[in-house]
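All remarks here apply to the structure that follows.
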């Protein structure tokens, strides 16, 4: 099989159907090979563009590997304390009700340190969109157990695998938020296959539309690969996600105020 | 109608069927007239007696009007920081697995300041029993809105009544905890009528039995009157509870691991 | 020096509880976001804000905890709004991470520490958050001054892009006094071109509020090393520029009594009485607890033979007095821990007769020089 | 004075990372409960505890946050178990409420502040929790000393029923060094008859651990006023009894360099070098940051003509040096904020050649006296 | 009754449920409305029925120098004898002491004061409004001191009533008047200082 | 090679993925097992492939006084030229500098040192284990300095392998040996200090 | 004691805070508030004939005012 | 360009981190990892004939390595 020249665009008639990335990404992110977080970032920013929100959006970014996205996102951003993004987003949205406000948080950030913040913000019905990058570990600190680590998963602080007796059970935060009055839209996606990437992008779009419609807090939980924190190779990431995480965290729309109203 | 002498016990043949209070209560509590919290305390302590747990129980008490119960409970007690009782109880139970450990918290304590603590403790499946005295206000600080204040309720910080648009929605904490893996037993009772007092006592008993069986975290939410914080008269407390709170917080058993196993 | 926010003298005198007066002063200073969690004696301020904010077109949120409250305020302030929170003791302790954050990411906050007593001097002046930051702290001696300080603090927070603290107490929160309220008339400030409004997305110049100040790959910032040094330099600048104090009879008194906040009001009262009786005594009052008016204290104590420190705690301001007093050997502590049986206010040591006795007893002791 | 926990010299030399060595030392000191939340460079200690605790029959919990972690530890310690947590910077900031609580309700905790640098001196020494409390803080200069301090801290925490802190840093957490580990051999302590075990219910003598120490209606306690005064007195007693320091050449040196922790190790190294070259220089090192060894510093600086303070922050220990140094005018600050570009460790200022240059530059300046 | 530099300090003592804070507030509000500087400081402690309740009011022509915890007071109103130990501690010699003689024995009220006993609880009962004893005392006290005009006092009382309590305005006004009237017949006993 | 008071300080420089930390750890462990005091300090910074990686090892007979950030070093191993600016800053004149000559030009390595070039990457490739270049360098360095015995080095390497990597033990041992052998033929160039 | 009563009470009136919860709770409505007040100023319940000894009053009373007896007839 | 391909790519090989997610994601399996490495030491994908221009590779790639074209025939 001959190898095609992929150094330059095709010379014949052709239509560009996918860019390297949106212009809202200013450069390289520096995350690990095979990490799912940059994929989530890309579809998030593409959505803002498609919804024409680029010049009326404020992002609030927590602490985790995605924290370094602040350096490459061409969006107004508050980099906030670990776990507190929903509270900060509340203050922002209340003072700038005409903007679209989102948080970008990991499972450690949202389901460990800031569990209270997101549930309270949901109950208050704050019109903000929370994007959760759930990889079931603290990636940034090297792969320790979080509140969403699935049973059996080995981490640096559950060396024999997470055991319910010793380490407790994982929390399905999207289900909790969906059950709270004040939530507008809650869904769970993943980025382990092209199909899920596309679907998840739709979920994100729905969430922002829900925010713009003033339905209350919207949350999109995105399962992302963390080969480094899972101690698997990068190519094995998507399958590991599929086999271990989606069983514990089924994908789909969990709550939609507008859909339920119809 | 003649008035009966009630200064001394009857002289004829009679059986005492109810004491003033259990000997585990050492004296007067100093709470407001018509407060529901002392009733909850009494049935809690009676349950410990009936389960023969008096000399193997450690209580952890949060901050609220019930905080002053520490002065009258003849039980080993850690008076802990506002909201943190489930975390403290975790440390206690892990180091003293043979004791029965309970927390005594209000809605402000558990559902505001310490929402995270109780959900995480439930997810970890800690074998402790959490007793929530839910009166829908911060009683101790004079009647401000908590995370469980029902819609329409007037408080010092929701002067026109709690309005979902402005103040968000109340949180049904027992439902959340019941939905978390790691919870052993979750129920909701009230103390506004004699019947509910009796029923609630049974719920407390179930909760401790669940703890002793090692089923995970048990939670009994008890709706209690706070005439002072509700700005109603003491005699109106029970009806106010019935009409405003039980609609938002239906009574009953929400989750029982042992029952579900059968 | 006692720089003040000039308040129109012509405003009518109103009898207001401290908490109400402070809330109104804040709103007159264009505070438009408040989030707080009840805790005595801060609760009254929260209740007043909840009552008054809507009519002012602002927002007051029943934050579900102090941590959420202060972080909401960081969010609001990051958009350029004037925003405040408050609490006391334990509640302020819970905010320390966020106060440090605000100092290091340069969001202006006003924090009302309506403390239960004077045991939180270290909490205000040394923070205990993390990193090199300080919090400008004003300690009013009574309600009218609390009004003035409130207005000044919103100004200084914006001027320096830093969190600042009002150190009040139950006497300030709960006493009703006649006060005059008007919008403050303070020097104009630079526009907040750093504030997030969402408009700069996609321009390559989108804004960041970030403790680490890393900037963007296309336009790198100072990063933690450079930025934190710059912030430390800013605090050094504030330390030099914003020291406030007042004192009386320092040059003509053998004994100088140092006190802050309400205790200073008691000190002033008792010293006046003692001077009227012919005693050689004066007083010195730090108005800013940080920056501590060290040079002024050194100057004020140049000829003192006895420096008495009266604070209602185990001796926290002592650490600052000892650093700057002209002669450390002259310092005596006449304060102490003193708590009301409710746990919520001062005990019997904050009282003019007690203070009087302690000063007289100290004056009966021989001096060091 | 440098009181130490005697470690059996005969234990084998093992090459251990600081985090591992500290974890093992803690377990050898009978620490049986640990709860923590990851944060660099504390994370390694947490991971080691998670690995080693089960075999020791203890518990290590993946606390979901620092606040939950420290409160779990209060719970565990209230039963009499030796218990510890840790973090750094922001994580420790979140614990301040609980540290104050433990100080005031007298539960012994050990807190490993594996800091990213020296910017958290105020955090350790002034707390910022609430109320009048202090935290005994040991700042080891290297891994072997961190082992010794760890064991001493569990002892002192129990002895004084108080929270205590190890102030480490990335060099201590992450450097591997040959260390000898053995169970410490320290003076016996009183039994913990205050500890909650649940057995006293219904006897009228059931136990309480309570910050306000109100006791029972049938047997009233001191209440906040009396209890907090008693606690303040206890801290004064600790302040007098537990000052630790070391110093060299103080009496024979024109210039004295003051530093703590890792910076003190660098200082010792550089001063040795300079002395070998004939310079008149010595060093002084506070081992306890609180209680600060003030009297020893005053003594050590009695004949110094130049007192140089080298700390990797904007000048926090300076507050303590200025309080106690023999002559404040001799003090010069030669440290500064210096952060690694990762934000997680020291920047270039913690380095022997840099320190050497700064000392020499300072020595080239005229002195005050 | 006040010169331009002096300050009038009043202690009001009683037990929870007697409306101590409300009458303090009324006097302070009346003084403020009349252009004077006033301060009302409450001793902390719940308002639990039967517990101690204390308020202090200071009035002056200029910004006040008095402390929120009074060093000493020139006058006192005592509604109940359970918690009035403060009087000998703080009331200056020669000060004015008005006691609710329905409950407190004026003779036992202490030496060295100008003491007036007013059976406020009895008068209130006669008026059919037992809860207004406090306003009766206040009306009397104000009549004795002339700190504000009677009209100012009544206006202040009205302005402080929340809308849902406005029906009490008339009975409170009647009580103030009854107190003021009773004061006219009052004879002050005890040592009268200059 | 060490007297009782001196300390041997070694800098190991390369890029992420070359096993810099592992060879540092091996040497420090070998020294510790032989009863010596050792220290291994890592420069912070991720181990991201292609990024800088640096370890320092100090060995002495007594508790060490060397700093975790070396003031200066007596020797250095340089595996890659991308981040070796530290050498002229910290390697003492006359120090021993062993470079991976498959990647780094020994001639350009700096003046005033005893320089030995070892084509470690090439040798490793010949051995069929390109990842073992680091152990080849370590074997050679140890042969040149005699800090520990070859056996101690091999034992330390084995003891540090986690169970699931134990299959690498033999190829690592082979690499250590190859390095040690190559060192025999190595001629040190550059200024030789006393 | 009347033959109508199957039960009776001891009422510790000094502990009562007058909340009236017992009044509403008593199924045969044999409790009534006093016109007198106790030392704290509160009215308290008095018992009329017809008590069943059901303990409802004791169950709802926050202030431990009641001891309940069932009469053996 | 082969007639078999309905699409083609531009591959910015220097951005690639060799995670191979694109390889598994490509429905017609026309991507293969190179044997060469880029400047960072990573192998990267090369394209064989048969690309459909479906953009799956671009969708899953974390490192923005792909630009996708659909050929107009």
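Letters are used for the chains, namely A, B, C, D, E, F, G and H, taken in the order the chains are written, and counting of residues starts over at 1 for each.
Going forward, a residue touches a chain if its C-beta (ideal position, glycine included) is under 8 Å from a C-beta of that chain, and two chains touch if they have at least 3 such contacts.
Source: prediction; values computed, not measured.
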| item | value |
| --- | --- |
| Comparison of A-H and B-C (more C-beta pairs in contact) | A-H |
| Most widely separated chain from chain D, with each centre as the mean of CA atoms | G |
| Centre-of-Cα separation between chain E and chain B, whole angstrom | 43 |
| Centre-to-centre distance between chain G and chain D (centres being mean Cα positions), rounded to whole Å | 61 |
| Centre-to-centre distance between chain G and chain B (centres being mean Cα positions), rounded to whole Å | 25 |
| Sequence positions of chain H contacting 2 or more other chains | 42 |
| Sites on chain B at which at least two other chains make contact | 28, 32, 81, 115-116, 120, 124, 147, 167 |
| Partner chain B, residues of chain A touching it in the complex | 115-116, 119-120, 123-126, 147, 164-165, 167-171, 175-176, 179-182 |
| List of chain C residues in touch with chain E within their complex | 13-15, 142, 144, 170-171, 174-178, 262, 265-266, 268-270, 272-273, 340, 342, 344-345, 350-353 |
| Residues of chain D defined as touching chain B within the complex | 32-33, 35, 59, 61, 63-65, 67-69, 71-81, 83, 97-98, 101, 105, 196-204, 206-212, 214-218 |
| Touching residues (chain side chain E, partner chain C) in the complex | 25, 28-29, 31-32, 35-42, 44-46, 63-69, 71 |
| Residue ranges of chain B in contact with chain G within the complex | 1-4, 6-10, 12-21, 25, 28-29, 31-39, 42, 191-194, 197-198, 227, 234-235, 237-238 |
